[in-house]
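Should a chain be cited, it is by its letter among A, B and C, assigned in written order, with residues numbered from 1 in that chain.
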Amino acid sequence: MSILVRNATRRFGDFTALDDVSVEIPSGSLTALLGPSGSGKSTLLRVIAGLERPDGGSVEIDGRDATRLPPQRRGVGFVFQHYAAFKHMTVRENVAFGLKVARRPKAEIKARVSELLELVQLPGLADRYPAQLSGGQRQRMALARSLAVQPSVLLLDEPFGALDARVRKELRAWLRHLHDEVHVTTVFVTHDQEEAMEVADRIVVMNHGRVEQVGGPRDLYEHPANAFVMGFVGPVTRLGEFFVRPHDVEVRRQPNGTTSEAMVERLVHLGFEVRAELVLHDGQHVWAQLSREDAEELELAQGQIVFVRPSRTRQFAEVPAG
Amino acid sequence: MAASTLTRRRVGTGARGGAALLRGTVTLYLSLIVVLPLTAVVWRSGRDGWGAFWEAATQPQALAALRLTFAVALVVAAGNVVMGTVIAWVLVRDEFPGKRVVNALIDLPFALPTIVAGITLLALYGSSSPVGINIGYTRAGVVLALAFVTLPFVVRSVQPVLLTMEPDMEEAARCLGAGPVTSFRRIVLPTIAPALLAGAALAFARAVGEFGSVVILSGNIPYRTEVASVHVFSLVENDDVGSAAAVSVVLLVTSVLVLAGLNLLQRRRTSHAD
Amino acid sequence: MPTERTGRLGLRFLALGYLAMILLVPVGAVIWRAFGDGIAPVWQAVTTPDALHAFWLTLLIAGIAVPLNTVFGIACAVVLVRQRFHGRRVLDAVIDLPFAISPVVIGLALILVYGQAGWLGSWLAERGIQVIFSLPGMVLATVFVSLPYVVREVAPVLREVGTDQEEAAWTLGASPLRSFLRVTLPAIRWGVAYGVVLTTARALGEFGAVTIVSGRLAGQTETLTLYVENRFEAFDLTGAYAASLTLALLALLVLLAMTRLQRKEGR
């Protein structure tokens, strides 16, 4: 079930959350909408779900125009950052909710709920209330609940944002694994580029209500379309007019014609890596990331003069704004 | 509220004595003004024995008044459950010009003297009604008066719950296929149910005791539109203090039961809350 | 969605229609009726000696009852929130009683205790103090019915404010009373203000208990609410409406104060 968003625009008063956004989400993929707060990623997700109506543009789900359809008729599952658990119902009743609304027979509901609870690894907790579950368990319940009605599309809005770091990592892997098993077209929103890179097949990078770039994790990292994407998806530093990844900054003890002179201002030891904060003749600050061995080999020390050049660069036409 | 034990000890016995004095004064104030008089009513109702009490409380006119009072109070409480929820919903979820003013006006029955409420309603719905509706001297008049004075209870009870409800749950229900009515029935209603009940109970208790507005609007026709409070009043006027006390005790017991029930409900809610 | 929109509008009209029918239009009717013959008769009705006396008596009673209940209310809130003792739940429950008891029953109760033949009344009468059918009785009745408001508004605020600041004041040398007055009282002042407004409204509007306890001697023991009823019974509708308007105006001021203070309290 593919999704096609065409020229979606959404404004809240003076604030433009979506600015002529067009995005295609292939069937069966696991796509991340990545961007900083205010980039419009949650709004885009909600427009796909039907929880927001765009001021302009259209949404197509599996070839059908869904722009006018309310959420309950789009066949989308939605998982919220803060779980949206039905507090007054047990886990079992939560998961069964969509099926009850659809008036499925009792036996079918019972079987499906058990099946799902097994899938999300919550079988023993069926009769507990959400308040008695941990955050991670609540989110897995919410997932089971969404999957119960067999949605053609699964949408997750910062699903792990409210969980602590360890649980977050566990659930990321678990989501990937679930997708590999269930193969539902899945879109999730995150502001964490590590999460997007780790989990998704495709990433849609957004900023200020616009799509900056769409591609696979490696694609975005190695061929960013502009400075914003480059900076968002990985660390970046500037050398002259070039944008460079810190670990693509070559540091030498001797000049070789293509290098620039720089002084080591500060060395930060980060475990197995060393970050060297350098300053060029013209005052520009650059930083390089080296392995511990390389740094030792070069005998780097504060105040030392070294020579740097980028081993791989990206150059962009305009200076990026924010 | 933790503070160093040093400060506690320093202020120690002086404060404790002061605290006891404060407690004593508060208790004395309450006793002289509330407890003693209420005890007197209970005592007086039973002074001449259980038989006399029973006779007074079941005297036909008294019974008629009590029956009418409870019936109308129940009807009004039920009506408030519906209309109060609708009004609270509109005030929380809807936007329209003048909403702030409407919200403030809900408190009008709290602020307006009951007798003025009666006069006001009679002006519009009484014998010289400009819209041709005359329910003065009828049971409908009693209902109207009570609907007026109990209006704020359910609204103000439900409003805060609706205000602090996250839209997430309802949105989740929508994505699971529930339409707006189903979503209200299965998600919103269970969430506001305790507040609804509390508001309805308060409205009921208030309606049972209401006097000022009913006195004007109902005409106080015995056996037809005379409510319990008016009946007690006429008994007192006729110096039949014993009977007045007996009927009062029936009203008192009802109120206390309602209050106690509410208290219990709230205690149970906070014990297995999130 | 067309059905959703019509549903929303439908609910809105239902709610506003009900409110108009029950609240707004009746109030409008009174204003229209009162000024039906112009302003002069209204002014005249409102300035008759009985009306004026009723007005001042009402203010006097409120002027005594409200401060009494305010002081009590703050004291009682302190006792409820900061002290632990047997019977705290009972105290809590007793405070709520005036909310739930019919004012007529309250009047009866007060007569039984403070009337000439009452438990304390006879003792007081021997000392020449008349309570019932006189000002003290009316004040008592008003105090009873408006008792819980300040407590109920102040207690939660007091709980939230806690004792830290007060204890800090102690360590700086202030006596407990001084600390309370200078530190805690200002912190709870909006709760107190709101409670005072509610108490005042209730005191001004009291009818049932006062009617029993006062004897309703026109020009002597008649409050404004009693005066309204008096005029109504005498078929002096203009007089009744005029006095009602005065009370309604006071109610409106109360409502305004309530709204303002709700915002200050951050409701």
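The working rule: contacts are C-beta pairs under 8 Å (C-beta built on N, C-alpha and C of every residue); 3 or more make two chains touch, one makes a residue touch a chain.
Keep in mind it's a predicted model, so treat the numbers as computed, not measured.
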Contact-count maximum falls on chain pair B-C
What chain lies closest to the overall centre, CA atoms only? B
Based on mean C-alpha positions, I'd like to know which chain lies farthest from subunit C. A
Which whole number of Å gives the spacing of the CA centres of subunit B and subunit C? 15
What whole-number Å value describes the gap between the mean CA coordinates of subunit A and subunit C? 58
CA centre of subunit A versus CA centre of subunit B: separation in Å? 53
Name the residues of subunit A that each touch 2 or more other chains. 70
Residues of subunit C that touch at least two other chains are 4
Considering only the defined contacts, which subunit B positions touch subunit C in the complex? 1, 3, 7, 10-11, 14-15, 18-19, 22-23, 25-27, 29-30, 33-38, 40-41, 44, 83, 86-87, 89-91, 94, 96, 102, 104-116, 119-121, 123-125, 130, 144, 147-148, 151, 180, 202, 205-206, 208-212, 215-216, 228-230, 232-233, 236, 241, 244-245, 248, 251-252, 255-256, 258-260, 263
If we count contacts the way the header does, which residues on subunit B are in touch with subunit A in the complex? 166, 168-169, 171-179, 182, 186-187, 190-191, 274
So in the complex, which bits of subunit A are touching subunit B? 49-51, 70-72, 76-78, 80, 82-88, 97-98, 101-102, 131, 142, 145-146, 148-149
Within the complex, which stretch of subunit C touches subunit B? 4, 7-8, 11-12, 14-16, 18-19, 22-27, 29-30, 33, 72, 75-76, 78-79, 82-83, 85, 91, 93-114, 118-120, 140, 143-144, 147, 162-164, 167, 170-171, 176-177, 198, 201, 204-208, 211-212, 225, 228-229, 232, 240-241, 244, 247-248, 251-252, 254-256, 258-259
